[in-house]
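Once you scroll down, you'll see the structures, which are given as structure tokens.
Shared chain: chain A. Partners: chain B in the first complex, chain C in the second.
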Partner chain A sequence: MKKEINLNMPSSSEGMSRIDGRLKVTGAAKYSAEYTVEGLTYGVLVGSTITKGTITAIDTKAAERAPGVIAVITHVNAIKVPGFQSEAGKPSAVRAQLKVFDDNKIVYNGQPVAVVIANTYERALYGASLVKTQYSKEQHETSLNASIGKGFPPHGDGLYKRGIQDAWKSAPYKVEQEYIVPTDTHNPMELHAIIAKWEADDKVTVWDKTQGVKATQHDIAQLFNIPVDNVQVNSKFVGGAFGSALRTWPHEVVALIAAKMVKRPVKLVLSRADMFTSVGHRPYTWQKIGIGATADGKLTGITHEAYGQTSTFENFTEGPVGVSQGLYACPNVNTKYNLVALNIGTPTWMRGPGEATGAFALESALDELSYLLKIDPIELRLRNYAETDPESGKPFSSKFLNEAYQMGADHIGWAERKPEPGTLKKDGLLVGYGIGCGMFGAYRSGATIKAKMTADGILLLQTAVSDIGPGTGTAMVLIAAEQMGIPAGNIRFENGASDLPQAPTQGGSATTASVGSAVHYACIELKEKFQKLTGNDSPKAIDYAQVLKQHNLPLLEVTTKSTAGDDRDKYAMNSWSVHFVKVLVNAATGVVKIDKVASVADSGHIISPKTARSQVVGGAIGGIGMALMEEAVMDHRYGRYINNNFADYHVAVNADIPQIDAQFVNKPDPYINPMGAKGMAEIALIGMAAAVANAVYNATGKRVRELPITPDKVMA
Partner chain B sequence: MKSNETVNGPDGDQDVKDTSRRNFLKQSSLLTAVALTPGTAVKAAVMHVDEKIAAVFEKMPLKMEVNGKPQKLSVEPRSTLLDILREQLDLTGTKKGCDHGQCGACTVHVDGRRVNSCLTLGIMMSGKKITTIEGLANSDQLHPMQEAFIKHDGFQCGYCTPGQIMSAVACIREGHAGSEHEIREYMSGNICRCGAYPNIVNAIQEVKDGGQTV
Partner chain C sequence: MKQFQYICPTTQQGVLDVINKPGTKIIAGGTNLVDLMKRGVTAPDKLVDINHLPLKSIISTPKGLYIGALALNSAVAEHELVARQYPLLAMALKAGASPQLRNMATVGGNMMQRTRCGYFYDTTMPCNKRAPGSGCGAYEGVNRMHAIFGGSSQCIAVHPSDMCVALAALNAVVIIAGKKGERRLPFTDFHRLPGEHPEMDNHLAANELIVGVEIPNNHFAANSYYLKVRDRQSYAFALVSVAAALDIENGIIRHARLAMGGVAHKPWRLFDAEQALAGKPVSEDSFKQAAQLAMQGAKGYGQNAFKLKLAPATIAEALKHAAGLA
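This part shows the complex of A and B:
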């Protein structure tokens, strides 16, 4: 049954297709806003038009009188959320979040000040336009650059040091530069949406866009002080998230408050404009790198500082300086990470998170150093290749990044690259090649699978995990098919509901490693149960349906929990990537066109070639957007985003993107999990922005250190 | 909607012409009560009184064909085709991604042409034939474009997919699938945040080259 697939570089048609493909191409896949619920009402949010201050008056009369409007809820009449009242013993996620409708304080523009509930969407929308709010304004702070002096370390002193402080300064060859990654927004295609239905005073069901149904379940239980088991969270299909659905947001609490007050189910769908303010973003981050090397290209020191945005009420932290600590063998590294609290909604992890931000700075600085040293950028990376983890000194569980360099270089045609910028032309356009690398921790957490084989020979796998698009279900089915020795077509995967067995939130590139391990062990355990019945432990395929019939059993099932082993203490575990980009730049207009991409992932054994390939392609495209076009532009006079829609906030569209070659080293990691598979969601994007910036420099001699690389910056 | 404002709104629209509809509404004692006391208004809404009134005065009849089935509806003039499909006809395959005609997730065919249903008022569709993603397959037999999207993995999360597929079919029908370059250009009104663009192009090329009727 197995067809030979080129696992180093599968085509788009190779490998098993997605198990939920048919549902997705026929429109039958139901996302959170699409469930039919008896007595449904519609909520539309009214957002603050000021950025800091207090609400002095809120006139809801006109809205209340509008046809179809059932209620207008504000801080004046909202029920008190128990989780907002007493903070003792609550997890930080509940403690620190915006206490929506709890008081009259405004801390960011777009913060919900009211919700209008009506019997149709149109009526709620019209009602929302009638709510009139008066404010007492205070001076807001939204600019990181203007407030950078108020930076503070999020934990401890925010400092890291190995070896000598600022050793790069005494190097014969050195670069010191500042890099800026602007605010980028996740903006998945599906608008964040929730339907909240109270079944009883202390019992609720939600259909909610979330990357973690269990986490959302616990948050809701904490917020409303009700038993965890009385909260049912469903998230069967998630229309992308990229991190935006990793936590519970104010609009979810609003829907729960409203549904409780009107005693009817409430559907609340954010507008695209809300998506810029209300569900996180990649924080604007200012960075400075100092990097030094000897004449033969040995790194002697890296200093990396980063200041990232957070809100005034929560500290959002990520790892921009981590890449400088661990990507290269460098004896002297010191880093500093600070936050700047601003009047914005709290940022959140966006694909690749801080590592993508940090890699843009480090991989750009290393490229600058390569020109100074006149050493090929790949060669420079090889001369500083970390054979063991530079931070801990531990061996890596697996690392084949050097092979990845070679694969990508061959594929992009690196030999064509000219070391002197601006010297290669084709059809009147400047041609440039760039490289950028990524690394991300290969995590694994506990997960539980219930595996049930029924007499019809169908295997059902159940776990709570969300599938936001990577093809989790498809990979899980392939793992089970391999273990059980049955066709994938005989396996069903049920997920995305909080009453299913425990699984981690889908994030941090850890789902396949975590849930996949549970599938692996559950199948082994289930097989053993069958072997016990038959008394036959021969490895040849078992006819499960036959065995069940013979023993007059309707089914056999196991519930198996898998956790990370202690190999984690012995080895440093990471996934790696390298991105190669060829750009064409129009010297007259400064327009950058991506001509070719070769992205290579060193992410262990490839379980599902088709979906893995798509994930790498998708990450590369996200990275191209980050590099060339994405930026949420804020008018700091008003503290408001001025491009809060898809016409003005540019993401990559089809015409921007060539064929992208996704390659895999495809060598299993012997320690991380029984499949030897490491995560790839983050590394698919990390390093891409630098690869593009470095290619633009190679083409033009123009170094752009502030993303996105728009024509004005190329021409400047 | 204008009538609503006249009856209920504080910012009564001076430009509204005195129509017989409005006259009737003014005379309606029930509606006056609804207008004057917010508490009653809330109650009226809960009792669906205003719904019944709206059905007579605020809604317009709409006859259109959706996926081969005639539909007789009563819609508010401000309702978009997208919201009518999703909220009234439970055809949720057509997606709302921006509501501003900027993302293409809501693409449907109107008399065979691709249209952003979020920018289309329902009442403009009188007598038109609408095809949504739910109507593309021939019962159990998937449309070749749906097959090709599955085969080439032209999606990840699946949310933009119905719009992509409706656009892709139209792209071939329009004669805009002559080359990879042309496909990319004519598919650029459909945003895919997961980044499935090359796979989408591969799927369209396969269908185009296969020569099947789309």
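This part shows the complex of A and C:
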């Protein structure tokens, strides 16, 4: 049902700062590794130094004798994890994951082969250095390029087709090119960490870095065959994740095994090097695009193939070819998506997941086509603007991407762009402009909020959802303030614990749409309860504290569940973005400097302007990193990453980041949810890498199709 | 971590008395040594903290500038004398690491910092520098950052310092204290090429201590430039860096000094190019010719072959900046 949403509705408390900002900058926010638990012990992992084979012997004696060491746990002495034993009836998440310490098989380098538990971290670390493992090596495969012939479709035949197969080939103007996105790692600032404490044989509490406390709770219950309610998962603050904490990883299982075995709580914090092997990554992906158009720039066909990495024990899939299916009105599209199983840890969704990978290829290819056609890249996009969803034919719930193009073009100064590459110069540097678009499904799932108004006039909102940094709590407080007509300062938000009401895992840019809807409806219900008490349904602001006092009540509360409506069947729902980038390039040295970014999000109504802006800025920075410098480099002879630290794996630093002009169309989507708000975390990054690559081409005439765009690839 | 002894002598003699014992290491700012200890690359039994020695001074002498071995990288970079008379050094220092690291890092420690080669840092990998005889992982491996000059089949690692590139260009002298008193070594002779012994980075003996460096007076202050090409704008080691200093009179180069970083096991002085520039007019052509001359004997090993092109481009670019043409 279409909701009337006042377009001029001011965002409540325009520009309110994060509710947890002070806690974060003063260090008062407590992250998973920072809890003090009585009798705590410390675990340090020992990782495999081979890439494939078996452990033939593991000598733990020296480690066991080292001062302070309590236990050394390996596949030889580890308790059996029930969830690893019987496959029947287990969800695939449990079935397929690495069965850590279950046997002597090695399937990737860095795989945990032992954990040393000691009474201090330093002693555990030293103990870990004393564990000596012997292996029988087998030939490993880690290079996607070398193994691409072994690609296989993850589901069905991995093919999609509408219209004519490979129609681009018969177009008068066409481009066919290959694109590579390397392995990127999430590497949030906060290292993955868990404290596991068994309260009883079948009852456990964990403080764990996770994007979904409920999902982790269920995984642990399945793995250890204990009742779900006996698992308490706390994740009050998460110092970034970008997708790396969307699932349960081996180190979490290790901590649970160890805590059970030593009968004391165990804290396990990954090292920075472990962050490269053990908690996923953006999969290295090889893509090929064929794209064709008529002389007036009408797309006639797109063929998009993608081969992405996965591990040998799990199929990780994402959607790199989806952008080619849905971003433009093109009658003939066929895509193919394959996986290549390699001896690496399983990849996982990284911000903008497959769409970011796919958009780099599609938006680069479209840019190449624009030069061939001599049509301005914005104009080319407008000529192929999808008014309805090209995949399903359904109308969009809302789409203002064309307005976003205009806003972004104005903000970057697109008029200054020269169509001929290498012709615009400033202070001895080449100047270039580029554009790249992003799209991502606008999702919404079920969520429950408990809202409680107490006699002091304070409203407490409770739900299990994690807040990994986007400012979820802030947005929820703003939604409630608007509905209840009370100051944001009178609202508390409690989250990140599995005993709170159900909420989805924070991922896929769906939290505000899902949990926010529950907040919205909970507040309406709560208000109605008050109105019933007063017998007064006047829309005038209610003095809640006063009403409670008058009726001698300590509180009024509601528990409200919200689910997506059936509008989802009638409309195609997406968020869109467009990124404009201006670069300065030193032609001689190939150094690219981003001079300006203008990113525009079409993500419905903006609820929290400040944190929304942070999302766009953060996404642009992630995209600049992806474009210019991020790459986990592996020596395939050994299957080990060479740059597994923050000195050598480059993420963008302040000096790389110019002024980022974050803009919003800020028009509500009338169908997605009562606030008209759509997700924006992913689209903030999707398309950015292509915008940079396209700007570099415009500046230099050098087309870089393999990320990252380092100076060696650009220099004359 | 392995347990170790930590001592903190207050006199130079106290330091010299203990440092020649095997397993003993000097610690200054600790920004490199502690990382190496954490990664298991080195595991000293005894750390000798030298921070209580009076070696922090930066003073002008009749012959030039004296900088104590314990002067902080940030203190040197921001020192008024350095900024005015040796801007090349200030620029090089500021191009290195991060403000936080420069606030801890010392001049002596910077000279003694070890290579950032990934194979050196990973104790499971072959590396002749870390474990002589184990092979060189980089030679046919990931060697994008590696040397194009002076490498050997044993090692193609580079010395990662920026500061040292400027000091090499400025003809600095290293002052070294040992049991038998002080000795002076030209900066360009301090670091060595890997040859058959890549485990040795330089010519400092185990029982010696760097006490300071001296930079002679020069006429380069007006025309100096340090250009560092790297994968991000800050906080990254050089792919190639160039320290360029020119003494120009009436559009003619009287003397030139050039050194490169990121290309060899030591700061790489470009003596031939310097000579070629002397007497030439300030022009892009002279710079390009000198840059080509500098590349004699350069050799790529695969991934780093791009440096054969990047290095001369960077030399020419740095000279342009130094001459005020850019």
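The definition used in the following text is that the second predicted complex is superposed on the first by the 701 of 716 C-alpha atoms of A that agree within 3 Å, B and C clash if a C-alpha of one lies under 4 Å from a C-alpha of the other, contacts with A are read in each partner's own complex, and residues count from 1 in each chain.
Everything below uses one rule, namely that a contact is a pair of C-beta atoms (placed from the backbone, for glycine too) under 8 Å apart; a residue touches a chain by one contact, two chains touch by 3 or more.
These numbers were taken from a predicted model, which means no experiment stands behind them.
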| item | value |
| --- | --- |
| Which superposed partner A:S538 touches (first chain B, second chain C, both, neither) | neither |
| Which superposed partner A:H650 touches (first chain B, second chain C, both, neither) | second |
| First (chain B), second (chain C), both or neither touched by A:N552 | neither |
| Which superposed partner A:R637 touches (first chain B, second chain C, both, neither) | second |
| Partner chain(s) touched by A:Q139 [first = chain B, second = chain C, both, neither] | neither |
| Contacts of A:K593 with chain B and chain C, given as first, second, both or neither | second |
| Winner by number of chain A residues touched, once chain B and chain C are compared | B |
| Touching partner for A:M629 - first (chain B), second (chain C), both, neither | second |
| First (chain B), second (chain C), both or neither touched by A:M715 | second |
| Touching partner for A:F242 - first (chain B), second (chain C), both, neither | first |
| Shared chain A contacts, counted only where both chain B and chain C touch the same residue | 122, 126, 645, 647, 652-655 |
| In the complex with chain B, residue positions of chain A that touch it | 12-13, 17-18, 20-31, 33-34, 36, 61-62, 64-71, 118-122, 126, 130, 187-191, 237-242, 269, 271-272, 468-471, 610-611, 613-615, 617-622, 645-647, 651-655, 657-660 |
| Chain A contact footprint on chain C (complex, rising order) | 1-3, 40, 116, 118-119, 121-122, 124-125, 137, 141-142, 144, 227, 229-237, 239, 306, 309-310, 313-314, 316-317, 326 |
| Residues of chain B that touch chain A when the two form their complex | 1, 4, 8-11, 34-35, 38, 41-42, 45-46, 48, 50-51, 53-54, 58, 76, 78-79, 83, 86-87, 90-100, 102-103, 105, 132-134, 136-137, 142, 146, 149-153, 155-162, 165, 180, 183-185, 187-203 |
| Complex contacts: residues of chain A adjacent to chain C | 49, 122, 125-126, 129, 428, 586, 588-591, 593, 628-629, 633, 635, 637-638, 640, 642-643, 645, 647-648, 650, 652-656, 708, 710-712, 715-716 |
